[in-house]
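Each structure below appears as structure tokens.
Same chain, two partners: chain A is paired with chain B first, then with chain C.
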Partner chain A sequence: MGDSGTVVLSVKNLQTSFPSRNGKARAVDGVSFDVGRGETLGIVGESGCGKSVTALSIIRLVGEPGRVEGGEILYGGRDLLELPLGEMRRIRGNKIAMIFQEPMTSLNPVLTVGAQISEALRLHEGLGKREAMARTREMLAMVNFPAPEKRAKEYPHQLSGGMRQRVMIAMALCCTPDVLICDEPTTALDVTIQAQIISLIEEQKSRTGAAVLMITHDLGLISEMADRVIVMYAGKIVEEGTKMNVLTNPLHPYTEGLLNAVPRIDRDSGTLDVIPGMVPNLACLPEGCAFRPRCSRASEACLMSPPRFETLGSDSSFHGVNCWLAESAS
Partner chain B sequence: MSSKFADSAIFRRNVPEEKIPIEDMAFIVEGNSAPLLEVKDLKKWFRVSKGAFSSGGAVRALDGVDLDVRVGETVALVGESGCGKSTLGRAIVRLLVPTSGSVRFEGENLASLRSETLQKKRRDMQFIFQDPYASLDPRMTIGDVIAEPLDIHRICASRAERSSRVGEIMETVGLNPSYASRYAHELSGGQRQRIGIARAIALHPKLVICDEPVSALDVSIQAQIINLLKDLQTRFGMAYIFISHDLNVVRHIADRVCVMYLGKFVETADKRDIFGSPRHPYTQALLSAIPVSNPRVKREKIVLKGDIPSPANPPSGCRFHTRCPAATEVCRQVSPELKEVAPGHRCACSRMM
Partner chain C sequence: MAPVDKDSAGLFGPDGLAVESRGFFADSVLRLCANRLVILAAVVLAILAALALFAPFISPYDPMKQTLADSLHGPGAKHLLGTDELGRDILSRIIYGARISLSVGLVSQLIACSIGVLLGAIAGFYGGFADTLISRTMEIFAAFPELLFAIAIMFVLGPGVINVFIALGLLSWTHYARLVRGQVMLLREMEYAQACRVCGGSNARVIIRHLLPNCFSTIIVLVTLGIPGAILTEASLSYIGLGVQPPMASWGQMISTAQQYVSFYPYYSVAPGLAIVITVLAFNIFGDGLRDALDPRLRR
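Up next is the complex of A and B:
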């Protein structure tokens, strides 16, 4: 959708893999998507489906021995994967910022939170020490920190989980990024604090018009925040479309399974529907469709070769699915 | 499961227990619904020693809680981190020694038992821990982990009997018995949680305390474990105390729900009443904060301000007043009691009186 329609970040055929004892594990295998200005794109999937590696690939922080092996990441007319490291550093944390899942492990325990936020401002915006501190206090006030003057001088361990996540958000937003990547930003938090953090992200998004990439396993969060949704399984996009299409009319058996497996507050039911088995080892994926061994509707065709991505619907109600079933239906 | 009794008037809490005629008491015992566990005014304070960074005092993790659990029912304890729900679970089985109050299991006060007798009682009370990675000994084989309770209570006469029992238990929880010689690190999170469950049910306990048993698992695995827990309950008739912060899961598994805030219950009721007509502003806020995965459902969200206060220094009066959207002057001064607001539905809020 992307209200103003301008694509800010475009990922094309991204390939990231990790060597392992059993051969190469393709954590991200041919993922493509665009995010527009002011748009929130949700990426859902279970652990090991490649959603976090996709995010890390975009900001080029995939750790050794992992490697981005192919594809393009277009931002501002340039391919981020081709940029020299120095230029990438100028973009990372400045124009493309990221909020990580566990704020305690991603903040530096021996620096005050004020020092950590002002570091980004001094590095990217070239502010002096005093100016940077003043802006830091403004940022902390903006993310609803009580007593920002005092709190800026505190260390991460003195803050609660919700407060730490606010520091992460302030840090990510201090340079007004074009793209904000949120990797499970509320998973470690209680629901009431989650609600606070979500409304804060929404508020900041509408203030700056940033494109948001929301990575989560929580379909409820996706339903509340995202405009469009990508469902990933074993490194591939299995379904993609507008939030309404994907969540109310899922086409891929995996998406359907995920939706049915979650106990829901708006629905009473007996036993939960279960997706049997577990996520396959990425280094030795099953033949054909990777979801086949867990799929209740698998047929001969699914064993033969991986399905192709089928698109349905028009631009405004886009819906795409990577499944042989959809192909035979259309 | 005692659910078929839940609707008979006698089990509604509006009938004070002393007034139940003696014949009816007999019926309760026969109907297997006498409280299995009775917790009265349980407190657990952690002393904070006076030191360079602290002025001393006590953290009131648990500050006067009453709880009954009947045979075969599931009682859920919900609340945010730091509200004392895990402390309550641990204090019940005496993994933590309570500061005051009593815990009666099948009519016996656990505090008065000598350690050998307590250990025998523990056969009937088991615990499933949250983190299947941290709660299994990495140097023990899975077979040994599951057999440990059998060994401690000297259940099996021979090695052959022991290994056949382990195999049986593993099948019950959906694990392949051939995994018995493997180690925990070789298995996935869901399989590890099955080991934790196998270990807990090995002795056919009457009460299992499940402390966030699915919160470390992926959704598809979470559903498998929830179904397993429900299935085991139907087969063996265990009662569960289900500790969770996830109200979606609680709605699915619980018969009764107790909502905790800063070491106290703020609302207790049947699942239907808690989800259908929550009374306490905290419960209402908790329920409204849960994201719903159906984009067609639009709900008004109550966003609470601030964090949960420190239990070392709880607010005066009603402990929730600092975050409550409806707090009045009275709430700042008077600490509300848990009072019945409808049959079987108790709520601690001054505005309800």
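Up next is the complex of A and C:
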């Protein structure tokens, strides 16, 4: 599937669930994908559809009482789910790094920015205090920090939101990871800063050749950055394909709905389109297709059983969808 | 990005005025110094600490030296604060007593703090059975009346300074544990704790490097406010004869002895009593000031 370079990370049939009062909530239910070197894979969907849990499952940090129950996460020929905890820790932050949504709370208020960036360096590369600080200053300069020597000694509250997100990026990239997971990296930032952060991530990706997993609900960000796109709904992949295929020719009514909900500068409509209803309770999904109650084109068939994943198109213009409509059309 | 002058980068506020950037510590010291009463308390504490440290050089007499001929003399030129029933210089005994009081206060709180922070952090971070076990133990310890509990421990351990340290440490660790447990429970959900794990940090690293430093200011305040309590309890223990043993000088023990002479020589008990009051008051004022200075919500 990977259309640019070798596959770095491969997720196969991932199952993560949380126990709840109404039974097991399957937050991630049979998700599979590959990311290749230098490739950006976008994962989109509403809040609560399993994007972030997928990311946390990969680094095995799903919070209690959630549990990864099945599947494989292959990295470097090994299944991460099978690794002992100590080895997993050596991979986190070193080979697989992550950028969070909220730069305001992701930095420790009582430690200097420099100390926090050098922490990963000291953990993974065994650098001494002074060497780590030198590398930290280099990293800060790389993420376009003015006066890195000075800024390394400052505390998070002295920095703006955009600056803090730069610190997070520097922290994530300081060990040159193979996989960079970005969980809504620009959501908390204003638009001009978003653009800077996006170009910074792009720049660093091309520098290090890392595979990027871009988790977002911002389709504009996807059209800007992603090579391939996965659309998730209720813990499952409902549509997958190259960016062009998914964004210009959506096959799943949910993807279509998401695209219609994006305000367009060339269309003069008074109100924005919305997808009616809400993400279903994961502990008691509707029968058949999980999207059926909200789908404008649902039919009898949708009620019967969940649709199967249909693949269309060849390798270079891959397109897959999880919908009865597409099945009947083909 | 436009090139920015190295020194002025981002250091100017929206109004063009230089925004002074201070660290947390420097800021707190400034706030602490803004309160005159706190400075006074700090000066008193510094003097006490100096007295205790340099007692052999400062005290005019050997605190153990008995001159029976001079016993129960009132304050005068020879003995500034008078002498006790065995003719020992009261001033010297109070200066040496400061050693006992301060070290009991500090050491017992450090013991309490070590036990409390460790157990509190474990309970708060891991929750579940560890939390239940530690919390119930905490409640059992806290259920005893403090002085009775101290007396019971001293009775088991036997009198002596070291045992006073241990008894008072065992007495007050629950304050620290309860506080740290609550703080850690709150802080472990912070994203920077998760960020440390994502960077490959272990649980121990998350606790020690990220969570405890965030509790530091509250712990410091608790130590400062716990010391006067420990000093009072030590005085009480010595007063009833379970604490520091004669001939070592302790304020509580001096008051206890002075009691016998209170009808015709009341001055004897006033001096050590005042010493206790001043020390405890200074610690309390300083602790309150410290709490205000370190409270981020009061930051302007």
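Everything that follows uses one rule, which is that the second predicted complex is superposed on the first by the 323 of 330 C-alpha atoms of A that agree within 3 Å, B and C clash if a C-alpha of one lies under 4 Å from a C-alpha of the other, contacts with A are read in each partner's own complex, and residues count from 1 in each chain.
The definition used in the following text is that a residue touches a chain if its C-beta (ideal position, glycine included) is under 8 Å from a C-beta of that chain, and two chains touch if they have at least 3 such contacts.
Keep in mind it's a predicted model, so treat the numbers as computed, not measured.
In the overlay built on the shared chain, the residue A:220 is in contact with chain B alone; chain C does not reach it.
Residue contacts after overlaying the shared chain place A:190 against chain B, while chain C stays out of touching range.
In the superposed model, A:257 lies in contact with chain B only, and not with chain C. When the two complexes are overlaid on their common chain A, residue A:32 makes contact with neither chain B nor chain C. Set side by side, chain B and chain C differ in how many residues of chain A they touch, and the one touching more is B. Contacts of A:158 after superposition on the shared chain: chain C is touched, whereas chain B is not.
By the touch criterion defined above, A:108 reaches chain C but does not reach chain B. When both complexes are overlaid on chain A, the residue A:275 reaches chain B alone and has no touch with chain C. Of the two partner chains placed by superposition, A:10 touches none, neither chain B nor chain C. In the three-chain superposition model, chain A touches both chain B and chain C at residues 146, 160, 163, 196. Partner chain C is touched in their complex by these residues of chain A: 59, 61, 89-94, 97-98, 100, 102, 105-111, 116, 119-120, 123-124, 144, 146-147, 150-151, 154-155, 158, 160, 163, 168, 171, 196.
If you check the complex, the residues on chain A that touch chain B are 46-47, 146, 160-163, 190-196, 198-199, 217-224, 243-244, 247-248, 257-259, 261-266, 268-269, 271-276, 278-279. Within the complex, the chain C residues that touch chain A are 1, 4, 6-7, 9-10, 21, 23-24, 190-192, 194-202, 205, 209-210, 213-214, 216. Across the complex, chain A is touched by residues 80-81, 188, 190, 218-224, 226-227, 230-231, 245, 247-249, 251-253, 275, 285-287, 289-297, 301, 303-308 of chain B.
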